[in-house]
Structures are given as structure tokens and as C-alpha cells.
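First chain written, first letter: the chains are A, B, C, D, E and F, and each begins at residue 1.
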Amino acid sequence: MKVCRRETFNAAHRLFNAHWSDEKNMEVFGKCSNPNFHGHNYVLETWIDGEIDEETGYVIDLKKLKDLIRDEISERFDHRNLNLDCVEFEKLKPSAENIAFVIWNILREKLDAKYGLSVRLWETENNVVEYSGQ
Amino acid sequence: MKVCRRETFNAAHRLFNAHWSDEKNMEVFGKCSNPNFHGHNYVLETWIDGEIDEETGYVIDLKKLKDLIRDEISERFDHRNLNLDCVEFEKLKPSAENIAFVIWNILREKLDAKYGLSVRLWETENNVVEYSGQ
Amino acid sequence: MKVCRRETFNAAHRLFNAHWSDEKNMEVFGKCSNPNFHGHNYVLETWIDGEIDEETGYVIDLKKLKDLIRDEISERFDHRNLNLDCVEFEKLKPSAENIAFVIWNILREKLDAKYGLSVRLWETENNVVEYSGQ
Amino acid sequence: MKVCRRETFNAAHRLFNAHWSDEKNMEVFGKCSNPNFHGHNYVLETWIDGEIDEETGYVIDLKKLKDLIRDEISERFDHRNLNLDCVEFEKLKPSAENIAFVIWNILREKLDAKYGLSVRLWETENNVVEYSGQ
Amino acid sequence: MKVCRRETFNAAHRLFNAHWSDEKNMEVFGKCSNPNFHGHNYVLETWIDGEIDEETGYVIDLKKLKDLIRDEISERFDHRNLNLDCVEFEKLKPSAENIAFVIWNILREKLDAKYGLSVRLWETENNVVEYSGQ
Amino acid sequence: MKVCRRETFNAAHRLFNAHWSDEKNMEVFGKCSNPNFHGHNYVLETWIDGEIDEETGYVIDLKKLKDLIRDEISERFDHRNLNLDCVEFEKLKPSAENIAFVIWNILREKLDAKYGLSVRLWETENNVVEYSGQ
């Protein structure tokens, strides 16, 4: 049985590779490498896989999952500049793929090992990524 | 090849554990345990897995699947109080997880064994569950 | 300039007219009159009409509007039975139209008179009502 | 790590089996077999499975995937009559299942073998199919 | 007080002007003029303006409005070719604007004069029209 | 008759008042005033009011409106930092209200005077503004 909580956060970011020239960055990342950043409304689905608890009828209390996402993800990334404000992206490019990877690792550490975990992240209404661990 | 039909139904429910005190029910279920019930617009996705029939181009006729969902699910649960009106939840708490479990079992019995079956159920726009059999 | 905050709440209700027979209630309201209630995820759009404040760039601070909706609307109606728990519907049928009418009047009284007010309420994804005062 | 690009195209089609009588076609396909065609706004999700490239943070450049979908899928099917204009459906009924099957095969051939591929196709907001290869 | 019912229908159409050359049609209408038609999932919002009936709490019974839309609009246009099958578009180009105009006139004639009427029609998720009478 | 084209753009911004202390900015704008910016996926609806042209069936060619929005709005604001990159917001705070005001004025100047114009701008899925001129 899988259960999911959907949350959103808004952040600024920029994609560029410090080892490349400006020309190469523009060629590969296009306007996503604009030096003054742009931003997105990120939509995060957190999927938990587990057994139903007979006493509650829940796999996990979604209010507690909501609080966990607020404390661990929204507090870190909401209304932030991912490149400048977030230590997680000091060396990692804040592509949607890497943001999902980082979120999965943060939540994985906080969740009971009995649960499976998968995250799905919309960067725009047309671009989505999904990560479930390797 | 998987195909899906999306349908909706509206129902009242309440989460509480009859073996617990009111305090414990409120602590665990919060406002979901309010004694006079609340309700949801449930959105149900029914996913069928099978082979394409060459004569029709269909895995399954989605009009027939729609009729099956109407006869077996909507007739049972639409505009009902899950706790008071539905024998399926006499002993089972009508959490989203358990509703999905019950729906899956009802549909599984009615569907040809050649088909795989998975159900996804939105309780709100932010809370979703998915069940595919154990 | 108009600005809008979108919020949701979940409630149980039942439509019936105490002056009518059960037959007439069933004839007019159909399954919406089922005695044990059903429920909905209501989606509420609150639209405010006013001038932009030069110092903030805001017509109204949407965080304050959000708090107002939480305190005045969600606290009253979220996870409630509109028929049994809410004094506002003791004599008024909790149809979507009347719920919108009640919400408009509650918010109108709390909002500065300089603002125009309109509310839009989705009862399901296919049924919507809108009220802007007479 | 999976990434997805969502695109849309609009097309006319008709479902019928040339080996069947008009009566049988109407019985099986209903109004979907109306002789003068009807149409849909198809929504296509293209999911790619692969490793994150360290230099870009991308599994695949979604702008390139977008261009590939435009060149190979939209150019072929957008604003077309699938039955009359598209060689792919000369012998294959243009059911959602078969359209997804055809799209998967077109994209599979164009994509680097290191990538996994899955396509999800909405024919209406209530009917969806998904194909990931056999 | 305004109330709305949302319904959908699927149809094929083509935009072209019989008094123009093929070149001019292609120049003005582009791929919308492809000779073998294309199609859309149309989403129709029907908005009714009126007083709340005290006995029911309704402006209009949305089940009756739903039936009216089914009988008068869906029966006419769903799974049809607007150019070939529908007398309403024999002389009128089936642009979204004209389809909304035709629907408004059909419903206006069937609705009690005490009601105001407005229709909103989505042709795609990005193109919408709205008509409320002149 | 009104017609609408929906487009999106992604931008970074920050709300703050240069005449205020950091404390007052934080008190009024909260995390929206974070110094390193955050961002949004803005959704813009451009509504045009006019007569149907008999030769085309169009109020306005939505492809031309789409091109106008791309040239005048997306080119200016997409993947930009509204505070740092856009001369329009040198002296004006880039609140949703002011962005809608600026967009309306840009489009108003480019549109034939025979058309009415209204813009609706979503900053998040819960915050929307609308401007139709004074």
C-alpha cells in the first residue's frame, strides 16, 4: 500500500557549470543559466510504501508526514535561492533531478526503515522528475 | 499495456477507534474523528494491465470498465456515509488506505483473472493512496 | 485590481426540506438527501477588489487574507457536519449556494469597507457557485 | 532517476473494424465509430529513465526531448486525422492503446539505448493508457 | 448568485473559408485547416445567474441543468464532426467563438427567461472563449 | 465575445521596500523579502473582448495573440530576475498585482483599440490577481 502527501515550495535557482565558459553554459543550459537566477513553484509528491496499521487504518499518519516535509524540506528550500542559500547545492547543480535526489536522501534518513520512499517533483507543469533510490 | 478509467464519488466518513478514549481518538485522528462526520470528493483511478485485443485495439472496453465501477463502486459508496451505510466498513476504519483496499478487492473479484489491477484514490488534492494487491 | 486566495475545506452535509415528505425530498434532492449525510472537498476562492498600496505593491496582504479565511471559515466549517455542527445552517439548507452566501456575509463583515468582495465555491469539480452580494 | 516531458497534440480519429458490419461496429465501439470522425486533445507524458550526468545535473536535456517529441510525434500527429493522414494507422486501429504503442516505438528508435522509456497518453481527462515496452 | 455546471464533449472540426484559395486558408488558419479534420476535447462551463429558491436552496437544480446540457448539447455535438454532421455549422465556421455562440443560443431558448446565462468553452488547455449574449 | 490565451513564464523576484528597515521588510513581506530572491511559475491568462470576424470566425487569431505574448511578455520576463533584470520594476515592487499592471499596459499599447483587455495572473496555485484597466 502506497500513500502520498503533496506539498509545494517556491525557490530561485540557476543552472551553470563553473568549469565551463559562459558560451558553453549558454549553449547547454540556455536561459536556465541567466546569471541573476529565475524561479519555480515546485510541487513535491512524497510517496511512502508500507503496511496498513490495524489500529489506525493508516500506513503513516499523513499529518505527521506533512509536518516532516514542512520541517525538513520547506524550511530548507521554500522562498530560498537554491544556489546561494542552500548548502546542499554548493557543489551540486540544482537541477530538478538533483533537487529530487537531495530531498529523497533527507527524507530517507528521517523515515523509519520499514517504509519504502519515492519522490516526484514537478519543476513546471510540463517537466517532472521521480526518484526512488538506486 | 495499462489503461485507466477515472471516476469520482462523494461520501461522508469519520476516523475513530472504538477501543480508544475520546482523548486518544482526538490525539491520533484530530478533527478527522469529529463525531458528526465530515466528507470528501474521492477521485478513483482504476488501472488495468493486459494485452491489446487485435480486433478492437482495446486492452479492455473502458465503457464497460466505467459501467463496472458505477455498478460496484459508485452505487455502494457515492453519497453515502461510509461508517453508517456501508457494511464493508463495519469493522474496518474508512481511512483512504482501507477504502482503496476494499475497492481493489471488489473489482478484483469482478475482473477477468487475465488482467492486472491497481487502484489509486485521492481523498483530497494533497492526499493520495495506491493499492495493487500485496 | 482584483486579488484572490484559494483555500479548501472538507465537510459533510445533507440536503432536505423538513416540511416535505421523504418521497418529495428524494424526488427533489435525490441521493443528496440520504439521511446519513455525504460530503465534499470544498474549494473556496475569495476575490478582493481594491487599489494597489504603493508601499507594499499589495491590494491586500494575501497572508492576512489567508489567516482571515482560516480563522473565520475553516475553523467553522472544516471537518464539520454542516447540518449538525454549524449554527449558520440550522434554518438554512447547506446547498453550495447558501454556503457561498453565508461565507460572503461572514467575510464581508470582517473586511474593510473599501474592498469589494466576491466568493466562488466549488462543491465538486463540475459544480461551482459564485456570489458577489446582491 | 526518471524525468518526464509533457506535451499535447490534437487529432481526429474513428474506431471501427473493417471486417465487421456497421451494426457490430456500433455495438462494440458505439459513438466512437461515427463515420465522420471525432477528436481529442491528447496529452502525452514521455518518461525517460537513466543516470544523472554530473556535468549538467540532467538525465537528459528536456529541451532536446521536447524537440524530439515535436519533430517525431507532433509533426506526425498534431492536427491530423489519424485514420486518413497517418500511415502508422493504415492497418492499426487508432485506439489510445495503439497510439501509445506507436509513439513508444517511434521514440524508442530515436533514443539512446542507455535510457529506459515509458509513455503515458491521456485521451480524455478520464481515460489514460501507459506503455513501457513488453 | 451564479451557479455553473461543467461538462465535456469530443468533436472533430476544420477551419476554412470556402471563398478563399487553399493558400489563403493555409495562411490564415494554418494546420487548423487541414482537409481531413482534427479534433478537441471541449470543456463547457454553463453559468446561470438567478435568485436562490428558499425551498430548495438552489438557483437551479444542477441535475436538471446537467440533463439539459446532455440532451441539447452533448447529443448534438459529442463524437461528431462539427463541419459534416451538424446543421448549425453548415454556414458558420466551427471556431471556438462560433461554437460558444451556437451553444449559448440553444441553451438560452430552453432556459426560463428569469435566468441569466453565460457559457465558457475551452478548446484546449490554453485556448478559451466566453459568451454572455450581446 | 471574449477569448483567452494562457501562457506561462518562470521568474525570480523579491519583495522589499528600500525605505524600510530590514525588520520592517521582514515583518510586512516575511520570507518574500529574503535577500537572495525566490521564484515562481507564473501563469498568465490574456482575455480579449471583441466582435467575431465573419470571414474567420475569430475575435482575434489566437496564434497571433500567442506570438504577441511571447514577443512582449515572455521575452521580457521569462527566466529573468524581475528586480535585477527588468527596467519595468526598477521603481515598482514586483508584486503579482504590479506584474499584472505592467503586463496589461504593455499589451494594451500593442493591441488594436477595438479590443477590450483583461489579464489574470497566477503566482501560485492559490494566489491570483486580475487587472482590466482602471
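Everything below uses one rule, namely that contacts are C-beta pairs under 8 Å (C-beta built on N, C-alpha and C of every residue); 3 or more make two chains touch, one makes a residue touch a chain.
What you are looking at is a predicted structure, and each value in this text was computed from that prediction instead of being measured.
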Intersection of the contact lists for subunit C and subunit D: B, E
Chain pair with the higher count of C-beta pairs in contact (E-F, A-F): A-F
Listed chain pair A-F, C-F or A-D that repeats interface B-C [over half of contact pairs the same by residue number]: A-F
Separation of mean Cα positions, subunit E and subunit D [Å, integer]: 27
Per-residue overlap in subunit C, given as positions that touch at least 2 other chains: 125
Touch relationships between chains, expressed as pairs: A-B, A-D, A-F, B-C, B-D, C-E, C-F, D-E, E-F
Residues on subunit E engaged by subunit F in the complex (per definition of touch): 15, 17, 28-30, 92-98, 100-101, 125-131
Subunit B residues touching subunit C - in the complex, by the definition given at the top: 8, 10-13, 31-32, 34, 36-41, 78-81, 84-85, 124-125
Subunit F residues within the subunit E interface of the complex: 1-7, 45, 47, 52, 55-59, 61-63
